[in-house]
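A, B, C and D are the chain letters, set down in written order, and residue numbers restart from 1 in every chain.
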Amino acid sequence: MTAFENNIDITEDLIAEHGLSADEYQRVLDIMGRTPTLTELGIFSVMWSEHCSYKSSRLHLKKLPTEAPWVICGPGENAGIIDIGDGQAAIFKMESHNHPSYIEPYQGAATGVGGILRDVFTMGARPVANMNALRFGEPEHPKTRHLLSGVVEGIGGYGNCVGVPTVGGETNFHPSYNGNILVNAMTVGLADADNIFYCAAAGVGNPVVYVGSKTGRDGIHGATMASAEFTEDSEEKRPTVQVGDPFTEKLLIEACLELMQKDAIVAIQDMGAAGLTSSSVEMASKGDVGFELNLNNVPQREEHMTPYEMMLSESQERMLMVLKPGHEGEAEAIFRKWDLDFAVIGEITDTGNLTLTFDGDVVADIPVAPLTDLAPEYDRPWVPSEPKADIKAEDVAAPADLGDALLKMMGSPHLASRKWIWEQYDHMVMGDTIQRPGGDAAMVRVHGTEKGLAISTDCTPRYCYADPVQGGRQAVAETWRNITATGATPLAITNCLNFGNPERPEIMGQFVECLKGMGEACIALDYPVVSGNVSLYNETNGTGIHPTPAIGGVGLIADTSKMTTIAPKAEGEVLVLIGGGQGHLGASLYLDIIESREDGGAPEVDLDKERHYGDFVREQILGSKVSACHDISDGGLLVALTEMSLASSIGFDIDLGDNLPIHAAAFGEDQARYILSVTAAHAEQIVKDAQDENIPASILGKTQGTDLIVKGQMNIPLQQVLDLHRNWMPEYMRAEHSA
Amino acid sequence: MKARVHVTLKNGVLDPQGKAIEHALTALGFEGVNDVRQGKFIELDLAETDKDAARAAVEKMCKSLLANTVIENYSIDID
Amino acid sequence: MKSAVIVFPASNCDRDMAVALEKITGQAPQMVWHQESELPDVDLVALPGGFSYGDYLRCGAMAARSHIMKAIVDHGNQGKYVFGVCNGFQVLTETGLLPGALMRNRNLKFICKDVTLKVENNDSVFTRQYQHGQLINIPIAHHDGNYFADADTLKRLEDNNQIAVRYVDHNGEATKAANPNGSQHNIAGILNKKGNVLGMMPHPERLIEDALGGTDGRGFFESLMHSLN
Amino acid sequence: MKARVHVTLKNGVLDPQGKAIEHALTALGFEGVNDVRQGKFIELDLAETDKDAARAAVEKMCKSLLANTVIENYSIDID
């Protein structure tokens, strides 16, 4: 064997620093049959990190349903792919950038957006929409403003520049995120179904090509960082943060999509976490081939970079491709035109090994199959979560004044308008945003067609904490409902599973049970998982975040002229409630905001009802009988109605009856419910049709005037709600720099 | 009292702006531009009249607002 | 109407502009890459929105010095039509075809929202389809739209009726609250002296069909068509 | 050869970034901040070895790209 760059002793400390356990290191020795070089150790370390290997989660992820006739490609590739008819495909995925965003909110969030965009255009899709699911600590926490401001600016800074609209998302505040914010970004792209690109390399002798930005020493060990629990001093250590360059990303998108129109690419893979290592290993492994790379040919930004550094660098805006022989010139011309680096750095071999040379020496030579196939997989011990005691409405004090309670809720951090956020995002660029942020799901038209993609991200962490199974179901069901409320048919989901330290059995229990609930919902709703991401160790000093399985759903409407929004179109429309309920107050926002209590069980999610009621609602919308539709989620019925009023500037006059205590009727968070606003002519018929199908349906009242009226209970001007709702976040952020 | 603060990116941190300027200069026909880095230059007019006190205050301002010390260095001149 | 849309690296409203031009004029524009040195034979050159060169250094600065710009400046100086939207407006000020500069928004944030504009000059080739003083709703989406010019320039703009559109409130008043970005005199768009070059921060190409939220943006394109007939 | 360029806003040109910093500093409790102006600081690494030639080249760069002389001044240091 040739001389290895092996003058560095692989000590126990070094192994531990690389996050490998003694068992894991023994496995490395078994695979290699010798002591690994430092570069090899680095490669094993990142490939076997939680972030890349999914070692704690893989076993459970396998249980998620991933198939449906319209699924072209499920989990395992860069992103999931569904068929949206007419030879077109939607490609999407969600990913976390939690730890980097906590350390450097602007760049962390920006590079999160960059990374997820690459996952999508790698596969041949033009990105058409971005979403973001954000969780911050409590508003009073001294870091929250700074983090919120930086994250939002970073997401906007990157997405706006690349020219992909950021069309929606969700934002929560809770003390459990004080030391671990969550920044989950999702991208949806469009491709021709017959021009999709995968990462499996093939063709011995084919050139391996590096394109994009040069490699620097950015984020070395980023992947291992994302897999380690935060301690107080990791903030101090300030690991090298990656800086994003959206300008280069935009050029990379255009150059890649241009090359993809030619018959030149065998395989392509973005360099995400663990950069050159994970991209080359994945391409080789999927294709059952070897890679030989000459690291001297890697475009470098800094001097004297070592093989170790090059392999572990997480410099952004880079891609790896395998080209068909003889197409190098054609490809190079395109990348040069876009002012991007282009370098042939190696070729495919039949050895099955990842072989790296540098200055004429072999510095790593690892058999790829065992590196991936023998990656550790753990069945971590877990315990089921204690079910929280249920709370009866009778045991919760009724509000002294319903109007005051509503005002307090609508102006609270939990329900206040997120306009301050989405106004910093270009949500209209590309000219196809036909449902802007502020409604249930966002809708982007499929360019040049009448079709539309509805997109929604949701998760209610307080439910997941109270009852992981119900919470898992609910997160999936809420995206499904949001998409349904626009008239679109929900087709598939992506997810980002944010949890605490999986080595603690309670946390692992939350994970397992949330996944169980998610899986049940996916099956019941015919709504498979096609891609996703896991982020564990979101924990500081032993305090974990609320379990947060963020779900990103995508649906399709064939005729966008039938789309509904949450805004009633006129006064005098009839407000119809679809779905029943007992006024469930456990784990509700009412309890939290009005009673300052976070206890109680999560509402039950009856998946058969979800499916049945939702399908009925969609049918009414597509039958053009509905003027506006909103699902009922956070804050319950009265909050949902108020949101419809805020969107339309039309008040309402309703009767909540006296079957339930008023706070339960107004603010109970029972699931599988929608409000339809319909013309008087359709109202009776819809109620009758629903009841014929055994679906609870009732008339609440009508849209009217500029006041919000609940018979015998409340009469407040819409303007008053509007002011509180709209002003909370701008006013909160105005104090960003106060000491 | 005037304070002048230079905020520059730390060594090794990617500087997309500098790189773009470098490209543009080359495209404009300027030869021999090996590297360009862009930073910020902040001039403060302070009521403080004591040099040391001014420096100490600006030091604090840099840490808490003017520089992002995760990726940036700063230097202070007082005159 | 024959038109061309200029594409710079990281232009990103080039397609939107092309779609609007084709939809309204019935003729697809030619897309012209910044490295070209000649323009095709067209009536209108459109400089689209986006982040040319990442908006690094100064918005529009590098684009203004790209190859194709000389031809565009000639085109404008010959009295032919040049229309810059958002980044295109920034490019036009950087080339000197339009006076002034666009600085960072007053609140330092990117702002994307619909704003109300008052058509101050409806006597130009770009605006004659609107009524004088008409209020229209058009989205803005920019980080640097804060129009600045020195006092003399502002006076000249006002005196020559070169202010095409201004940010106003629902009553048509150019108030501070209605000014989203701090622009002097609430300026949203200006014409050159001859009236053949228009630069504006709001994006009319984004509001040309009801499905997108309205059609108030069509007037600029329709005006151009009528002007040519 | 290194060149350092300062690009600052001309007197009378409003400076939103400077103003915002000033506000933020005051909000953070720093007292006596009378005025803040933000400019750019550009460092160039040039192949040129002659000081005068370097200065002349950078002067041209400033005029043609680095500064917008409608609103900005520039100054050059060569070392």
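Details
The rule is short, and it goes like this: contacts are C-beta pairs under 8 Å (C-beta built on N, C-alpha and C of every residue); 3 or more make two chains touch, one makes a residue touch a chain.
The model shown is predicted, which means the values in this text are computed figures rather than measured ones.
Looking at which of C-D and A-C shares more C-beta pairs in contact, the answer is the pair A-C. Rounded to whole angstrom, the centroid-to-centroid distance between chain C and chain D, based on C-alpha atoms, equals 28 Å.
Note on chain placement: the centre of chain A and the centre of chain C lie 36 Å apart, centres being C-alpha means. In this assembly, the C-alpha centroid of chain B lies 10 Å from the C-alpha centroid of chain D.
Computed from the mean C-alpha positions, the centre of chain B lies at a distance of 33 Å from the centre of chain C. Contacts with at least two other chains are made by residues 24-25, 28, 40, 64-66 of chain D. Across the assembly, chain C contributes residues 53-54, 56-57, 62, 65 that each touch 2 or more other chains. Chain A has residues 245, 247-248, 339, 737 in contact with two or more other chains. Contact topology of the protein chains: fully connected, every pair of chains touching.
Residue ranges of chain D in contact with chain C, taken from their complex: 12-17, 20, 40, 64-66, 68, 70-71.
Listed in rising order, the residues of chain A touching chain D in the complex are 735-739. Only residues 57-58, 61-62, 65, 93-94, 96, 99-101, 103-108, 146, 148, 150, 182 of chain C touch chain D when the two sit together in their complex. Across the interface of their complex, chain B is touched by residues 53-54, 56-57, 62, 65-66 of chain C. Interface of chain B with chain D (complex): residues 6-8, 18, 21, 24-25, 28, 30-48, 57, 60-61, 64-66.
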